[in-house]
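The structures come next, written out as structure tokens.
Common to both upcoming complexes is subunit A, partnered first by subunit B, then by subunit C.
On to the complex of A and B.
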């Protein structure tokens, strides 16, 4: 008879890959002449429970994706996802981190090329929803900074902020699919690329569309660049970039969590 | 407000906290009748860094005693505990200071994969040693006692050479942890495996039981035989209420949780289930006081 490690390893194979042969020998066979379940059927209860609850977790984490492809297709797709990328942590609130790359390779979803980016947006939304809270920041603190030291400032944006870009208008798609009724709304794919900041100030996640330069600037700040070095990089690539306007936009929307000076 | 922050779980009925009910609980306040004695949460649901789950739990924690019930430590895993997860549990336990912390006598992780289910263990000396070592490790790391819950199951392993209540008693004796006695699980497993539920309960030691769970289950028919599925999606059935009544008659009153995790009903339904448990608890409380 197998030890515990092998029993669990074989049980895992039975659940994820329907390879029951090794585990069935370990499970007590009931007297089937009085009816009831065979060993295979008992294993199926566990397999179904695992798949149903994990597919439900994915449907919760990707509600717009679910609306876009329909419940039935989503169920099929999610089942394949669970098999290919089962969770490696008991925290299911952000389960599905590999959904975008999974969809890129999922042939059956090929007619909807923007699905992967919608999934990316939904995952980042979850990251922001569950991400660190920000303490709140008093803008007066920035006004006190000696103007000569301004370029050494490392500005910290909200700690739950996520950034993404897509060649598709994924925000329009996402907004149109917030309810079942909206799912029939047509989105003009010709509206082209979008750049987004996803963040949470109190309890509500917000999504802000950005122009390409602001998106790049937010990215530099997120990477811990000083204002001075961010400005140098920005003016090289985006000659029309206006630092003052960009900072005003950030302050007006309360996106600052704090700042420090480069050492 | 806030005066019962670190109180132990009272010997009355609590209910499982669900996001659907956050706002209603806050607007009711802790004195609304029928009174909610305490709340239990799934530990893992509060292990994100921030956001609404913490916002609401912080507020509700100020008014009610709290129990944290984990589903992810996988006590019976052969290849060792997930230490990242254990650290996460410690963080959230340190933050909310729950009166009770519990886990399950089962496994859910193999080769690092989390199956999101509570799978039964073979009851052998090897499993006992592994499970006890993990419970010791957890209790040492958290610096406190935990409770472990008896499982529900749909299959048994050939290699088991101990009966479930004996296996549980060995764990409790070896580790000093307490028992979260899930009366619905006892009923479900006994029905599914042809065991005697009253005998099962009578073999447990009343002083080890720190909490009781009550939940609903469903029944499926297969070729003339019924199988009970522990799905926490309905009212507690009459047979389980009767077994609970029997349990209290042996053990005296114990903090009792109404668990309802699927098809979540209106808060009032949970409060009414809790009231039904309170009626039985109060009767036993009176009997204990007068006897």
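On to the complex of A and C.
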């Protein structure tokens, strides 16, 4: 008799790879074949449910992707995704983390090279939507700090903030596909790259387009750099970077969740 | 501000001070300032929605292979400009 791990492994093959034979004997051996349906039939139903449920979860997590390629194409694509990357947690609300890589290797979508980045944006949107809440922050707290210590401050941006860059105008693509009407908007890929911050304050996820320098600055803050060391790195790479404007943008949009001092 | 700060400290200190002063608007007013952001409320529904479909498989045949079409037929037709495609 096979061990539990083998049984689970065989069951997974049976479902994901349509190989009922991998598990039929095991089921018969345990005499689980009661009721009106054969083991084969019941495995087929189980497989159907698995794929329908997971593909529907993907369609809900990647609505723009779904619109872009059309329902039928998406359905097939999602089926292949489920086979290759079945969920590894019971939580389906963020299922699809590997979608960008999957799309990079998905030949049938090869003529749409921006798809992977659209998927990345949708996944980050989801991560932000389902990410931790921000406690709220009062700028007064920063006014109390001795100005000499500002360079040693590590600003914490919203805990659900995600950053991404693409060589394609994915925000335009995303915006054009939010409603049926918008879907008639034409997007020109030559509008070029975009840099985005995706975050949530209350219930609503916001996407903020950033210039390359601000994007890099947000990234340095996210990596836990002090303002002083972030400034040094920024001025080396982006001579036109204006710290005051960047900070004002962050403060005005209430993107600060807190701060601490470098040890 | 203290006179004997190093140049970098001074830069950070003055940038922070100016940003704090200029950003000091009442919270209510500040709320409407996020004009550059795109917020779209999406119902966070999929966990319960998928849970209700658990009996779909008995009624619906999941026609995975029948429905396969090799060409995407969605709004991607509206995304134009091919010069970047060679980048792949």
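In this section, the second predicted complex is superposed on the first by the 239 of 263 C-alpha atoms of A that agree within 3 Å, B and C clash if a C-alpha of one lies under 4 Å from a C-alpha of the other, contacts with A are read in each partner's own complex, and residues count from 1 in each chain.
In this section, contacts are C-beta pairs under 8 Å (C-beta built on N, C-alpha and C of every residue); 3 or more make two chains touch, one makes a residue touch a chain.
Small disclaimer: the values here were computed from a predicted structure and weren't measured.
J.: Per the contact definition in the header, classify A:167: touching subunit B only (first), subunit C only (second), both, or neither.
T.: After superposition on chain A, A:167 lies in contact with subunit C alone.
J.: Give one of first, second, both or neither to describe whether A:41 is in contact with subunit B, with subunit C, with both, or with none.
T.: A:41 contacts subunit B only, not subunit C.
J.: Scan A:139 for contacts with subunit B and subunit C and give back first, second, both or neither.
T.: After superposition on chain A, A:139 lies in contact with subunit C alone.
J.: Figure out whether A:16 sits in contact with subunit B (first) or subunit C (second), or with both, or with neither.
T.: So A:16 only meets subunit B here.
J.: Looking at the overlay, does A:73 come into contact with subunit B only (first), subunit C only (second), both, or neither?
T.: A:73: touches subunit C, not subunit B.
J.: Between subunit B and subunit C, pick out the one touching the greater number of residues of subunit A.
T.: Counting residues of subunit A touched by each partner, the higher count goes to C.
J.: Tell me which partner A:224 touches in the superposition: subunit B (first), subunit C (second), both or neither.
T.: neither
J.: Check subunit A for residues that touch subunit B in one structure and subunit C in the other, and list them.
T.: 45-46, 49-50, 53, 57, 91-93, 129-130, 203
J.: Would you mind writing out the residues of subunit A in touch with subunit B in their complex?
T.: Answer in residue numbers: 1-5, 7-9, 11-12, 15-16, 25-28, 34-37, 39, 41-43, 45-46, 49-50, 53-54, 57, 86-94, 129-133, 160, 200, 203.
J.: Given the complex with subunit A, which residues does subunit C contribute to the contact?
T.: Going by the criterion above, the answer is residues 1-2, 5, 8-9, 11-20, 22-25, 30, 33-34, 36-42, 44-47, 49-50, 53-58, 60-62, 64, 67-76, 78-85, 87-88.
J.: Considering only the defined contacts, which subunit B positions touch subunit A in the complex?
T.: On the subunit B side, the touching residues are 44-45, 47-55, 71-74, 76-79, 82, 84-85, 88, 107-117, 119, 121-122, 124, 126-127, 130, 154-160, 222-225, 227, 229.
J.: What part of subunit A is in contact with subunit C in the complex they form?
T.: 45-53, 56-57, 60-61, 63, 66-76, 79, 91-93, 108-115, 125, 129-130, 139, 142-143, 147-148, 150-151, 153, 167-168, 171, 173, 175-178, 183-191, 203-209, 227-228, 231-232, 243-244, 247-248, 251-254
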